[in-house]
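Please read the structure below before turning to the comments.
Letters A, B, C and D mark the chains as written, and numbering starts fresh at 1 in each.
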Amino acid sequence: MGLIDSLTQRSRFRESAAVRTLSLCRGLISERGEISGSKLAAQTLEAYALLPDAEAERFLTLLSEEFSPDEARVWAAAQSYHANPNSATLTTLQHSIEPPRQELFRRLNMAPGGTAMLVRLRRRLLSGLDAHPAWASVDADLLHLFRSWFNRGFLVLQRIDWHTPAAVLERLIEYEAVHQIQGWHDLRRRLEGDRRCYGFFHPALPGDPLIFIEAALTRGLPSHVQMLLDPGSKVTSPQQADHAVFYSITNCQLGLRGVSFGNFLIKQVAEDLGREFPNLRTFLTLSPVPGFRDWLQTRVEHGLSVSAQLRAVINSPLGPPDVPAAIETELLTLCAGYLLHAKRSNRAPVDAVARFHLANGARLERINWMGDSSRTGMQRSFGLTANYVYRLRELEENHEAYAREFRIVAASSLKRLGARAQRLRRAFV
Amino acid sequence: MGLIDSLTQRSRFRESAAVRTLSLCRGLISERGEISGSKLAAQTLEAYALLPDAEAERFLTLLSEEFSPDEARVWAAAQSYHANPNSATLTTLQHSIEPPRQELFRRLNMAPGGTAMLVRLRRRLLSGLDAHPAWASVDADLLHLFRSWFNRGFLVLQRIDWHTPAAVLERLIEYEAVHQIQGWHDLRRRLEGDRRCYGFFHPALPGDPLIFIEAALTRGLPSHVQMLLDPGSKVTSPQQADHAVFYSITNCQLGLRGVSFGNFLIKQVAEDLGREFPNLRTFLTLSPVPGFRDWLQTRVEHGLSVSAQLRAVINSPLGPPDVPAAIETELLTLCAGYLLHAKRSNRAPVDAVARFHLANGARLERINWMGDSSRTGMQRSFGLTANYVYRLRELEENHEAYAREFRIVAASSLKRLGARAQRLRRAFV
Amino acid sequence: MGLIDSLTQRSRFRESAAVRTLSLCRGLISERGEISGSKLAAQTLEAYALLPDAEAERFLTLLSEEFSPDEARVWAAAQSYHANPNSATLTTLQHSIEPPRQELFRRLNMAPGGTAMLVRLRRRLLSGLDAHPAWASVDADLLHLFRSWFNRGFLVLQRIDWHTPAAVLERLIEYEAVHQIQGWHDLRRRLEGDRRCYGFFHPALPGDPLIFIEAALTRGLPSHVQMLLDPGSKVTSPQQADHAVFYSITNCQLGLRGVSFGNFLIKQVAEDLGREFPNLRTFLTLSPVPGFRDWLQTRVEHGLSVSAQLRAVINSPLGPPDVPAAIETELLTLCAGYLLHAKRSNRAPVDAVARFHLANGARLERINWMGDSSRTGMQRSFGLTANYVYRLRELEENHEAYAREFRIVAASSLKRLGARAQRLRRAFV
Amino acid sequence: MGLIDSLTQRSRFRESAAVRTLSLCRGLISERGEISGSKLAAQTLEAYALLPDAEAERFLTLLSEEFSPDEARVWAAAQSYHANPNSATLTTLQHSIEPPRQELFRRLNMAPGGTAMLVRLRRRLLSGLDAHPAWASVDADLLHLFRSWFNRGFLVLQRIDWHTPAAVLERLIEYEAVHQIQGWHDLRRRLEGDRRCYGFFHPALPGDPLIFIEAALTRGLPSHVQMLLDPGSKVTSPQQADHAVFYSITNCQLGLRGVSFGNFLIKQVAEDLGREFPNLRTFLTLSPVPGFRDWLQTRVEHGLSVSAQLRAVINSPLGPPDVPAAIETELLTLCAGYLLHAKRSNRAPVDAVARFHLANGARLERINWMGDSSRTGMQRSFGLTANYVYRLRELEENHEAYAREFRIVAASSLKRLGARAQRLRRAFV
């Protein structure tokens, strides 16, 4: 009797679905499982996919309990390495400490569609990690494998345009997180001749982008993201453009959190566009400032003094408030202070988008008044947006400065604004 | 100044090429290197590729000395895990013990063509491993990565035929190890309608097979491999065939030693052929018995008594000896004994081909007199060949028996022969 | 000076745009034009494409006047052939009678995208043919070429599904004539697993279907086309289906009128589906009866006596009238009469859809009450639809009967209904 | 009973294979045949393909007798057109004069692989045309169709290199007519980085080039074709090249004689190469002078006086004669005279290669002493070769001059040589 049959039969009546799925996992990393290959792997993943939510959670907990390294063996190997640190004792220690779970996941990956299933499994796991701290070890194993599997060297950069299969385009509509795509009409405008969209794809996830970026090729710098998003806007010649404006970058696979592609994608696209359009002079983002309003509200609650007008705006109910031009300078100053001086405990900026671009070596160039007047834009930052410039020759140096000491490279006008804001000291405690 | 320029310039005059290449590696795993991405990786690999042999060896030795784990940090993490074994201490220990070399290789892999270069680097490393035992740690790191990167789930099975690009076919001619391909005319016959050739490819090594297998679809079992190899033989209808004879399987990438694909390939091809040609009843190999003659010669030197005729054959000079039919039974008996009972210290069979197929779960079915009358065939096994049968339903069970206790599944006629041989006891010491 | 330059320059100021375009045509069929190849062709087509409507009409008229055969030469060749009919005199006559326009169109076709432009040119020409009878000769030349160029042997059948590029799918939405596609959501349902869409493509018109057909694979025969069109309907397993219902077939290129593909497409798709799904038993259309209501209204105006209820329905304003079930039998009878006995002067059926399917060799199988309750369906045929069955083995015989004497093959129940209707004689004058 | 069955059965015993094949043709253009589509077409072509040579000839003769226009109908239509020349009478005349054979061929073309079969049919027909003058009408019909079907607008230019499928490369080896390819090793050198090979393909003949051209990208002009053909020659950088030397152009399909692609191919490739390699300055051929030796021999026999040394060379047996350097000037002079002044009765040059390139608008630039020292090269032209330069800006004008009055554009040095030769008047009678 084949391994699959015996595993399936033996367990049909006595055990819960989660336990049965675990039995399949045990079979898969057994001696027999080594040769059974993709069929048993497929069956195991299918069993997992059919688990109701509660059973799936139970299964993840079982996974975190079993397939872990043998403590005694680890300790023996560690002592042996300590006594005699050489290539052989090191390798023994490395093997002893690799959880059998990793081999289990490597074998599950052999199933057709296995990689996609494992990415989905980790998505579920991440969403429940707070409630189940024990899952962290399972997460660590998956992340370790994903970092190898999704190495930049294996990713394929593909342009996405109106000749791309509809099944792929549909995912853009579904995934786009920064500026929601309002259906096919809207999408189509974003794929016209003066727009560019590129994604990273992995050969094992065909048709499913890992990340994608949207750029507009414009003459002059658009002050307002709505100018770019308007589906009815006139298509202009990309040959005349001098700015490449990255107005949206979206990580598509929640299950790949912690595996970073974004910096590679922006750099590569900037290089490719520069070659295709020699007139392009400036590559920059048009980015949200997602945490500004929340941060300011908290600061004000803690005593930061602001103008009455601004206070009124802050306290107005959610929805696009009418921000009076009179407070433009005040808000820009506070926002410069926020981006440059509001820090987390580890001295990194509070703003997540700032952290991403600054870590990539970009330069904070400008803050735009009414840069995003959508409801979302108003709610998160009173309509302010930021431009981060990518100068290919500066990225390494900027990145190093940021990585070593969180030093931020910014335009001097912004630095002056930020310094002024900082004098309102308490804001940045 | 960019990282690449500074690294290149700084080191141009003072250091040997190997040391300069190592400096590039250091730059690549530095903070700056994280963002420099594929360009610095490409430059490093290029510098390595240009190293003369002696410098390349020096570089590998430098690699094995640097980028290793920090012993003190490992020991501290091990103690901490021992004192308090949980997910966090385990992860810390895992991180501490991962050599920075692995991150170095992951970053090198980002260069265009990086994967191919790393595979070639390991080929060189393996060829010098005996002379440089210290390289073992570098090898372990590469093998660890390759096992993840070349997971079966990422391999693509492709049929190879006369419509395949010439650049790929040329590699078959170059790689084929079992029965040399005598140019394009010979190759073409092996790709006709009654032959099948399949290879596993990896997306990062386009056009370069990892392994390929050649099969003949025949009516009846050909007793003689030369019947299959004859470029002038008549092409027959594959629809009529009842046997799929795997007469050659070749691992192409020496640098991937230790990452196994062969079992997956045979199984998958057997399944696919079975679906395409429902008349196929038997899937089996027509395999060499590579170690038989050497083994027998040694045994005879150690006192195994054989017939005078056989002794004459053994002692005849290399080259196709005239093997008299009179010693057929004697040779078949000894060969059965060799395959079934000649063991290495760990109880695995002495014969490498037998080890491969038996570990895959195949069954030793037959030994063929004059199965391969080529010069090579005569020299390695007096012209004997072996058939290993792949029955998909039995593979798991056979594999398990073999993996646990090296139990060999064989036809009963062969077992009888083997038992008779074994009575000549001293042969199998 | 190149031919293009001289043509362009010479004519820039003195002539109308239509005359200038004609000059380019003259250049293109000159000796120089022979070698200038695709560049001059491209320039000529571009000049044509930029003509305002009035100039384009003038250009077509100029085309119909120039580039015609030389009458004297034709007459001489005809006399010579008449006197001495052989291969040589025949060939001379053929050459003399081929309008130079055909060579002009062959040269225009060499431009990149030339074929598409010529198809569009003929579309415009056809739309103005009634107003400009002289254009008929230009039309005849284009039709002659198109019949050669768009030979079935050059067409490629392609399945269209959700993995097809969006640019192609967008054309389906635009072209679909039978049951309008209400956007991407609607389209997606039509491309699910229990639906099939196929198109014929020509290599010179990449991404632009010539014709496409939509089929539903159903268990049982759906009486109502709305069941098939409902975007929210449940997707069922095509493996279980026993009916392939062709519910829409659309000719996409108006400029290819008179070049027929439809019969090839239905036959080919029926064969392919039959191979893929052996459970399919019946291949049939669910077709509109486009001319029924108009015909009936005219007949009634000419004295056909119908029930008061039916008369009320006929006279109700456009829009989905409430057709009382009481007149079902009356309407079905009249419709059977219409399809089977209402004839054009040449004895072909009045109904265009009937002519198409009957000429293909299909069999009129059924008339469905409330088969299409859409506004359009009600307006053209009081909601009635017809099923034409395609039995591959009968097509030739049925076609021949129809082609020779317009004999219609129909289910006997319909024949009985039709005979009853015919007794109301005057209906069919 | 289906048409195919009835045709097959009825005729199995009574008729010759040629007559049976003709019956299938009759069925195919019947009413039934219209709907039977590709199946009957396939069957007809298969029947034709199986005809033994004598039967195939008989079939072609039958084809030339049947399916011709109806003389009486043609004459009536001609009179009617003469009496009243308008669009309608013209169309009627055109229809009456189109042989039903053309419709037959159009229907045959619908079979899978039909186009390839028809091209092969014409190849056979052409090879027997001298012996069977009546076949000319069949030939005229095929040529008429092929000129439409193989319009430049439908051809696809493809680069051929080492990544091209072996099945295509094998055809190059088989087809190459100018400088034979000595197997795969030789071919490979012709596809290296400093060589380019392009072919025109038609979508209906996949993998089978219509024509291909081989170019070498060189620094300086190679005086000797053997330098280009040497498989062991060093590969140089195409970026450094200033000359693109077209050293071979081969029409692959004998059955397409009279449909010209060569001029399009050279022009297109010259344009493409010019874009890819901006350093290329000169595009020229390195061409044989195929008729020179034969012509000279005849001239000498008719009394042209030449030096004793040259006379000896002319009279030496076939095979690479030792041409003494002393007669270099004499031979070059005579060759210039031959290319520039030896004319056919219609005033076109005697030399076929000269006719081709001059008609394309190229310029005769140089004659090379010992340009092709192969046995073939010596035999046809004492080792002389000619360079024809393609200057894109001049092609039209040169072509027109040549087409109108056979005026040849040549380097002035050659013109001087030619004039000197012409003074030996009798040579050029």
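What we mean here is this: contacts are C-beta pairs under 8 Å (C-beta built on N, C-alpha and C of every residue); 3 or more make two chains touch, one makes a residue touch a chain.
Since the structure is predicted, the reported quantities are computational estimates derived from the model, not experimental observations.
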Of all other chains, the one whose Cα centre sits farthest from chain C: B
In whole angstrom, what separates the CA-based centres of chain A and chain B? 39
Take the average of all CA coordinates in chain B, do the same for chain D, and state the distance between these two points in whole angstrom. 51
Using the average of all C-alpha atoms in each chain as its centre, how far is it in Å between chain B and chain C? 60
Pairs of chains that touch, anyone? A-B, A-C, B-D, C-D
Enumerate the contact residues on chain A facing chain C in the complex. 162-167, 169-170, 183-184, 188, 207
Considering only the defined contacts, which chain D positions touch chain C in the complex? 2-3, 30-32, 34-38, 64, 68-69, 71, 74-75, 78-79, 81-82, 85, 87-88, 90-91, 93-94, 97-98, 106, 109-111, 114-115, 133-134, 136-137, 140, 144-145, 147-149, 151-154, 156, 203-204, 263-264, 267, 360-361, 393, 395-397, 399-400, 403-404
